[in-house]
Amino acid sequence: MDKFLQEQILRMSGVNTRKCMKCGKCSGTCPAYDEMEYHPHQFVAMVESGDIDALMQSNSIWTCLSCFACVERCPRSVEPANLIEAVRLAVIRQQNANHLKAQEIPENLEEKLPQQAIVSAFRKYSK
Amino acid sequence: MTELIKAKVSELLANQTADRVLGWKKGEFFYDETPAVFQAEELDDLVYDGFSAPNLSKYLIKESKKEGKVIALLKPCDTYSFNQLIMEHRINRDNVYVVGVPCRGNLDINKIREKGIKGIQSIKEQGDELIIETIYGTKTLPREEVILDRCLCCKGSQHMVADEVIESGEPAWEAKADRFEMVTKLENMTSDERFAFWRGELSKCIRCNACRNVCPACSCLQCVFDDPASKVQAKSNADDFEENMFHIIRAFHVAGRCTDCGECSRVCPQGIPLHLLNRKFIKDIDTFYGEYQAGADIEAKGPLTEFNKDDVEPSIVKERGGK
Amino acid sequence: MQKIGVFICHCGTNIAATVDVEAVTEAIKNEPGVVYAANYQYMCSENGQALIKNAIAEYGLTGVVVCSCSPRMHEATFRKAAQEAGLNPYMVEIANIREHCSWIHKDKVEATEKAIILARAAIAKVHLNAPLISGQSDVTKRALVIGGGIAGIQTALDIAEAGFEVDIVEKSPTIGGKMAQLDKTFPTLDCAACILTPKMVDAKSNDKITLYTYSEVESVKGFVGNFEVSIRKKARYVNTDLCTGCGECTTKCPSRKAKSEFNMGLMNRGAIYIPFAQAIPNVATIDPQYCIHMKTGKCGLCEKVCSAHAIDFKQQDEIVEQKYGAIVMATGFNLINLDQFDEFGYSKYPDVVTSLEFERLMNAAGPTEGTLLRPSNHEHPHTLVFVQCVGSRDTSGCGKPYCSKICCMYTAKHAMLVRDKYPDTEVYVFYIDVRTPGKNFDEFYRRAVEQYGVHYIKGMVGKVTDKDGKLIVQGSDLLENKQLKIEADMVVLAAAVEPDPSARSVASMLTASIDTNDFMTEAHAKLRPVESPTAGIFLSGMAQGPKDIPETVSQASACAAKVIGLLAKDHLVNNPCVAQSNELRCNGCSNCEKVCPYGAISYIEKEVNDHGVREVRRIAQVNEAVCQGCGACTVTCPSGAMDLKGFSTNQIMAEVDAICR
Amino acid sequence: MSLNEETKKEYKPLIVAFCCNWCSYAGADLAGSSRLTYPTDVKIIRVPCSCRVNPLFVLRAFQRGADGVIIAGCHPGDCHYTSGNYFARRRMTLLFSMLDYLGIERERTRVEWISAAEGVKFSTTMNEFAKTIHELGENKKLRDLRCEE
Amino acid sequence: MMMYKINVDRLPELYAKMAESRALYLPIEKNDQVEFHPWNADACVRLDKLNTAKSAKDLFFPQTENLMKFKMQGKNISIEENRDPVEPFVLFGVRACDVRSFDVLDKVFLADPVDTFYQSRRENGVVISMACHEPEETCFCHAFGIDAADPAGDISCWMVEGTLYWKPLTEKGQALTETVSALMEQAGDQDQAKVEESQKALHAVMEKLPLYDLDLTGFDGDHLLEKFNSEKWAKLSEACLGCGSCTFVCPTCQCYDIRDYDNGHGVQRYRCWDSCMYSDFTMMAHGTPRKTQLEKFRQRFMHKLVYFPSNNDGMYSCVGCGRCLTKCPISMNIVKVIKALGGENHA
């Protein structure tokens, strides 16, 4: 288990995983459940147990829609989606090469891509 | 005016409505009037003019306990104090016949002196002017320039209580200033500026107790500050803290009961603006709990003896911002 | 000058591990006024108390300070010990060096320093203590029970059994409460009505019990042993003496818009109604909101059909004034409102019901006469999903933070009953934990699983939607690590319980404290669980916290025992820590009277001798039996004439001084 | 953090907490039995009700060297005596406002409603308040020099 | 002794020089109030102000003064003398009436048993008086034989047409003069004449003052009982609020109370001004000997006008400064008392 990463995730997300009472309502409500290797309740359990690497390598963090249904429904205000977002950020920060540069934008442009997405992506990946 | 009042009270004494009069007695120098009780034959010395500043209500605590009925001459603002004392069962209403006297605003002898007038031999009120004879010559001053500060924020010409009101026919005096102006100004200062302001003012205090003893709300038989059993008894401001303590507690004890009559500041020999403490409480009470004028309504419960379930929390002091 | 003894308790290692008790003893020995200081392992033990008693005798102590646990724990113990040694019990003060010191601090040096300061504060206070003598007051030998559910009924029956008069005030037209609405009871599956209705009848027929149904407590004055209560008997518009309960009117009433409260709104009732067949009292009540006559002046059919001439449209509310020695809070519970839980679709889909509605749907006297039918189409359901913990253990703000305690068991009961009656159904239960601590409870739950084949799924439902007349229940199965989508015909929600909304206002009338969840606070969570901290107020049933029927009944009886203990006394000893007016300093201004919550202050004209000056003054007087000792008057008094015995201005200032020294 | 802690250790503020017997004192007891720590700076004085707290006591504490004063009572509506805390609320609001007006740091005074069940709140409140007072430093404006050692 | 003069513009230099060696107290305006405060370069000196709000007695007989301290350690008490240290100081700009008040106080504090606290302050202080030039209607020093144009003290000063004239009267005054004489010029006969002329002018003004001829007839030891028993006290004291403003602004009131202040680890014993108008004046276990305001009021004036002179060779314990006339909240004062009971109303 990676204590440093765990602390980082907890700090970035502001989530207290100990509040979780393991009811599974997050997974019960998740619309992307079937696309996932790890499910919302597992995110919480894995962060709690410090099993962050597995999460970071899993596709699950990218299949989360960030719909926040889990956050909305959680009876203990645990906010699993915020954890996922923090794990994503951790991944992004580790992959320095993944940063988006202004000159790369034209080649990534797709016709159907909303402009807002480009702006957001640039804002997010250029830091 | 004096003549009008003399005529009225003579009539009331003659028809046995009452047997004596509480009013103001002529002084040595036209401005040093003293509260006094007059029998019918003593009315020559009764006077009423701009220098009849002392609020007579507090004297009625003692006076109304005596036999017979006393006529009390009350200016509009004195009637608030009178009502407040009635509310607190301090005055026996049955023994008082209140004659409301009109008021054109009291005059401030200190302001007159500040105008460089010395050696006063006589002062005459002529319309809106004061004609002052001094040993150094005659001076004329507009009345409005030497009005007592408290009267600049007059509560109005209406008597809150009176068995009879004497009409002067003259236009009523009106407030010229916002009474919370200085309080607001202080509130807008930084904490350290406020501290410096109050230290500067309160350090002048000589603990003569004039403010307390003149105050109609400070009518305790024995003040906690004179009571050895209270453990806060103190006769002097032996430390800065004592000055703060005395004035905070005094203001707190009259909070919600103070009618803002301004006697405290008028009598302070050291010129401390004590009314600014009382007004702060009044302003806070108005803002937090709704406008309240002590002595206006004798049925009112008093802001510190009642509450609302949704009153503001004390943290408002921090949350409302300010410096 | 007092002669003070200071006794420092080790409390085993509870204090001694963090506070150097020897150092405290040494430091305190040098305090002015302290003539004896000692420490001991357990000051509250027999030997510890003997140490105090001996020192009082040997050193002629006039004051005692015990440095120990919270005064809320053992103040009474040590006061009693002092009293046995001949010292006035109010000459004892406690310095709380356990809860407020040793238990919360880690650094021994700092904790010891603080313990010394706390001890000094207590010593400073004792210096100013004066012996206090308690007054006495009489006890009205009659009890009031607020709430006529099983808790209230049981408490009333037990009190009446002991020979005391007892009144029940119930706000609905009948007693019986929530239990009357239940179908069967776990874990024995007795029919609720079969065991409740005899008790209801007992309550009615007991000549010591007076029932005030369709009534509410209007105001409460007074204090333990001497409560004065006014009860509003709401107008039923039916003369209860004449009404025979024949029910003719209820069937003829043309207004059918009112929802039946008894049947959880699953069917309608007339504007004139008897809640259910076994209602006590069995009389009709007119609901003026729905009565055509009351609204338009027309109709009046009930009046025509009533052979007993019991209908009285002009009836007014009636106020009954009664005195009581004790009051029991048995105000019961409700299920929480589920509007905040969109995901379960309760307000959207008729086939999503609460557990209490389900009770009615299964009950022979219910809207479907005991046949389980889907409320939407009255068809037989084949798949049922039960969801537990709906709004319980919820700290998100929508629900309640506590466990509702009864849901696990009644859900198992429901599941079992459905499978028993309709073996063709599939029953799923989503659970977070199954909590079955109780006699035969776990066995009951296991029977549901093992014998009746109820599918228990560890997980929670995330949402309920509909599709082609079916409910799609999406939930997680944590053990299988799957997300399930169950096509169900009915969904039953085990909604959290909450105290009846009337509890808060009644509690405030009683000046009884209530917690953040509106449950009544006990005088002590463990040692005085059926009493409120407010003397003379007792707690029965759900008003105090979630509990099932057996627990409610035991608590109701325990509560009755406490009430009987009180009513059996002829006199009560009053709290001597009451306000006191110094007649030489009182101005008679009435400010104290205005803030007194008990009306304990009155004014008299009295001649006083103020250092030789004799005069008649208006001065405040405190009724010591009524004063509860809050001290509101002491602060509002500008002249300091009002003081509080036991917490006097000088005592508190001495404590401040000692702490800030 | 650690650096600051070093320097702060030298200054030990004194905090007087007036706690009502029924809620906040019991809350403090619960904090104790739950072993929820807070600094030794906080010294508790038991009063029957928050309405027993006279402004005099608050000033007295400051006079004698307290750096912070906190009054804790039952939640509004939960007063054991039904209305005591409502009066306390008005009195303390006005008193605190007056102290602020006189230029005394407004962070030195606080009122908090803490029930008997809120041991956690008691401890966090005391920790927070102690931290605030630590940061503010010594009470210099409202003390009596005669009380200095 | 020689008279000196200095231009008013150079006064700050003079102040600075004096303040080098000792504290210098002058009438200084602070927060709209003129009092004797220690001088510093930024001070707003108000020599023109007729009277300070409080009198100058504060410098010799301060409002509060530490006497001794009791230290508590455990169960032990130790006594420590901790009187406030007294350093040499100069009191500049005292009016004739206030200078006379020191004589009155001396009679009380320097008579046996000597009050060493007062004595050490008196010895350490140099009084520089200042002649009046624009007296007010409240002035009645003349009634007590005080010449406002010729004040006493260690050094007398006159301000005439922008020049301060400085005349040492005592050895103490001469000693101080020597430390500052370098800043001043010696005055000549012409200057002497100017001063005399200003004195004459002042006398002319004084004569016009309404209280110039205040008649003290009847206030002497011979009429003690008659004055004491006069029925007029009732009316005179009727409105008295029992505050201490007259007492505390009075230059001659010398009553004090001794009090203990318990600070938790010891007791500070100090004395502070007291007022015979206060309800707790001379409070004893049984109460106070003067229960009514009438008695308290009568005491104050009987003391000033009858008891004090009969014990002190006719010296009244009033110097006619007029402070109480301006400060009394209800404008009752010694002049009204004198007029009611003395002069033409005597007998």
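Letters A, B, C, D and E name the chains as they come in the text, with residue numbers starting at 1 for each one.
As a convention for this text, a residue touches a chain if its C-beta (ideal position, glycine included) is under 8 Å from a C-beta of that chain, and two chains touch if they have at least 3 such contacts.
Nothing here was measured: the structure is a model prediction, and the numbers come from that model.
Colleague: Quickly list, by label, the chains bordering both subunit A and subunit D.
Modeller: The shared contacts of subunit A and subunit D, listed by label, come to C.
Colleague: Where the contacts of subunit A and subunit C overlap, which chains show up?
Modeller: Output, common partners of subunit A and subunit C: nil, no chain qualifies.
Colleague: Between B-D and C-E, name the chain pair that shares the greater number of C-beta pairs in contact.
Modeller: Higher C-beta contact count between the two pairs: B-D.
Colleague: Using C-alpha centroids, which chain lies at the maximum separation from subunit A?
Modeller: Relative to subunit A, the chain whose C-alpha centre sits farthest away is E.
Colleague: Need the most distant chain from subunit D, centre defined as the mean of C-alpha atoms.
Modeller: E
Colleague: Kindly work out which chain lies most centrally, taking the average of its C-alpha atoms as its position.
Modeller: Centre-most chain by C-alpha means: D.
Colleague: Just the number, please: Cα centre separation of subunit D and subunit E in whole Å.
Modeller: For subunit D versus subunit E, the centre distance works out to 47 Å.
Colleague: Just give me the whole-number Å value for how far the CA centre of subunit C lies from that of subunit D.
Modeller: Once rounded, the distance between the two centres reads 30 Å.
Colleague: State, to the nearest whole Å, the distance from the C-alpha centre of subunit A to the C-alpha centre of subunit E.
Modeller: Each chain's C-alpha centroid was found; their separation is 84 Å.
Colleague: For subunit A and subunit B, let me know how many angstrom lie between their CA-based centres, rounded off.
Modeller: Chain centroid spacing, subunit A to subunit B, equals 70 Å.
Colleague: Could you list which residues of subunit D touch at least two other chains?
Modeller: Within subunit D, the residues that touch at least two other chains are 55-56, 60, 63-64, 77, 83, 87, 91, 144, 146-147.
Colleague: Please output the residue numbers of subunit C that touch at least 2 other chains, ranges allowed.
Modeller: Counting only residues that touch two or more other chains, subunit C contributes 595, 636, 649, 653, 657, 660-661.
Colleague: Applying that definition of touch, give me each pair of chains that meets it.
Modeller: Every pair of chains in contact is listed here: A-C, B-C, B-D, B-E, C-D, C-E, D-E.
Colleague: Which positions of subunit B touch subunit E when the two form their complex?
Modeller: Contact set of subunit B toward subunit E: 27-29, 31-37, 54, 59, 109, 118-121, 134-136, 200-201, 203-204, 206-210, 212-214, 222, 226, 228, 234-238, 263, 266-267, 269-271.
Colleague: Going by the contact rule at the top, pick out the subunit C residues touching subunit E in the complex.
Modeller: 30-32, 611-613, 657-658, 660-661
Colleague: Inside the complex, what are the residues of subunit C that reach subunit B?
Modeller: Within the complex, subunit C touches subunit B at residues 584-591, 594-595, 603, 610, 615, 617-618, 636, 638-640, 649-650, 653.
Colleague: Which of the residues in subunit D end up touching subunit C in this complex?
Modeller: Checking each residue of subunit D against subunit C gives 14, 16, 21-23, 25-26, 28-29, 31-33, 35-38, 40, 43-49, 51-57, 60-61, 63-66, 74-75, 77-84, 87, 91, 115-118, 123, 147.
Colleague: Which residues of subunit C touch subunit A in their complex?
Modeller: 343, 389, 391, 393-399, 430, 432, 458-463, 474-478, 481, 483
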